[in-house]
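Note that the chains take the letters A, B and C in the order they are written out, and that residue 1 is the start of every chain.
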Amino acid sequence: MRLTRAHLFSVCDIAATGLFAVEGAMVAARAGLDLFGILVIAFVSSLVGGITRDLLLGDTPPASLRRATYPILALVAAVTVAIGFHVIESVPRLVLVVPDAAGLGLFAVLGVTKALDFKVIPVAAVLLGTVSAVGGGVVRDVLLDQVPGILREDIYALAAAAGAITTVLALRAGAPRGWAMTMGFAVCFALRLASVLLGWQLPRLQ
Amino acid sequence: MRLTRAHLFSVCDIAATGLFAVEGAMVAARAGLDLFGILVIAFVSSLVGGITRDLLLGDTPPASLRRATYPILALVAAVTVAIGFHVIESVPRLVLVVPDAAGLGLFAVLGVTKALDFKVIPVAAVLLGTVSAVGGGVVRDVLLDQVPGILREDIYALAAAAGAITTVLALRAGAPRGWAMTMGFAVCFALRLASVLLGWQLPRLQ
Amino acid sequence: MRLTRAHLFSVCDIAATGLFAVEGAMVAARAGLDLFGILVIAFVSSLVGGITRDLLLGDTPPASLRRATYPILALVAAVTVAIGFHVIESVPRLVLVVPDAAGLGLFAVLGVTKALDFKVIPVAAVLLGTVSAVGGGVVRDVLLDQVPGILREDIYALAAAAGAITTVLALRAGAPRGWAMTMGFAVCFALRLASVLLGWQLPRLQ
């Protein structure tokens, strides 16, 4: 069996989903939720972005509810955190930024290309790519009664949007799909890491 | 006219909807909202769980917006609370747990069977049954700027999930629909009541 | 080219969308968000009400994601606020109530007629008209971790509902569509302004 591009996408998607689920479960555990609450937040963090995208595209039931893989990933993430909370907590935050930036870029690029497949206009596709990438984190923060990090902090949703825009522009310029997605991913990943390492911030009005 | 099972489902559904609407209206009144705010929260508490389920199933417009019964129930609940607030408030909380647990079980079981009718996978059906049962309360708490009770407190959403899982397993084992639903309802109801009466809690990580 | 009624609707819709986007951007700027956060809140404030209406009607992708006009309006609004924040901030709040009441009435009336076109029942159409008008503001407030203004304050969502009800009743009484919409708009606009100017409040239960 040859590793086709479809296989690669699936692997990336599953990796990013599992990663976001673990991150969500860690946030929930730190907030003092019980085991079931941790499971709920793992679900929300990893699946709500893609579910929102699919609802807006009219692709129902959402992809993540048509295969058992995705809900099971959230379950595995919650169990992993329940067992390994203190081990994961001891990893320096800066190290965790790398896989998170990778997940962000993957979701943004997969989201924008799925939206384009559904024939929405490019501006809307960029919006949906960004929502795929950051939607789960936003709803997680709302449920935990916090202003979503993406509204307060540095360059996070902007990196996802930049990655989605790059993919759209590359496709328009005639790049093959795989290359356009790789370029979008690279832009998002690099912009996110640079903003954390270099402390970049967008200006405020007051 | 004979009382068929479809009638019985309708009666149960309407009873559970009215009950959740009254509960929501009471929470809104306690939070100091005005009469229109109480009406909005009654709507949200009783209808948003089922609406979310129907959106995810692609069954639009949602069932509760296709019959006037449901919105009118929320209106009646808001008026009931506006007139009888102090009477209902004087009922001991522990007594109110019984009808709430019944509503929880009904929504979970009706939700999971509707999802199965739409041919989603069993894991997703359990998720949608749970969302049917607890979704309204979650959005109500978010609107009132509180961390949703189901994330902080004892066994509530878990009881709904257990009821939905029971129904799925019973159907798989070949039980007739009515029995599978009754068993799911009983598991949810008993687990919820036991957890309140015996003070059961799920473990936390810190 | 003659100015047809369809043109007039489009102009009104675009004016109301731009207005709600500017208002949302101002709220976000006052809350200390960065430029991207201001853009996100401008999007949410102006588009989420209509998107929610379209999701519930099953009209996907939502109208505001099928034409670039709407997302671009939100972008223009965010840039306008970034440049002219202090100018807009110096306008007395009472003056801003007038365009806001106009936007509220427009969204309510456009929302309820679209819902009726999709053959939902009148009660649900009124609900969807109200959601069109106030949904964006509710989600904006939730994201900024505030109890939505419509739940705490005076007559806002109620004015939208009154406008939607008026339109439905006028259509039922045989009024032509244009007149029914104008009457609904007038009721919403007048009720909202009167409630602000005269300090009307709905009663609370405690």
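Simple rule for what comes next: a residue touches a chain if its C-beta (ideal position, glycine included) is under 8 Å from a C-beta of that chain, and two chains touch if they have at least 3 such contacts.
Keep in mind that what you see is a predicted model, and the values were worked out from it rather than measured.
*Asks:* Does the complex stay in one piece without chain B, or which separate groups appear?
*Replies:* one piece
*Asks:* To test your reading of the model: what rotation angle superimposes chain A on chain C by C-alpha positions, in degrees to the nearest 5?
*Replies:* Answer in degrees: 120, to the nearest 5.
*Asks:* Rounded to a whole Å, what is the gap between the Cα centroids of chain B and chain C?
*Replies:* Spacing between the chain centres: roughly 30 Å.
*Asks:* Quick check on chain B: which residues sit in contact with 2+ other chains?
*Replies:* Expected reply: 55, 58, 142, 145.
*Asks:* For chain A, which residues are in contact with chain C within the complex?
*Replies:* 55-58, 118, 120-124, 127-128, 138, 142, 145-148, 150-152, 154-155, 157-158, 161, 201-206
*Asks:* Which stretch or stretches of chain C touch chain A in the complex?
*Replies:* Counting only chain C, the residues touching chain A are 28-30, 32-38, 40-41, 43, 51, 55, 58, 60-62, 65-68, 71-72, 81-82, 85, 142-145.
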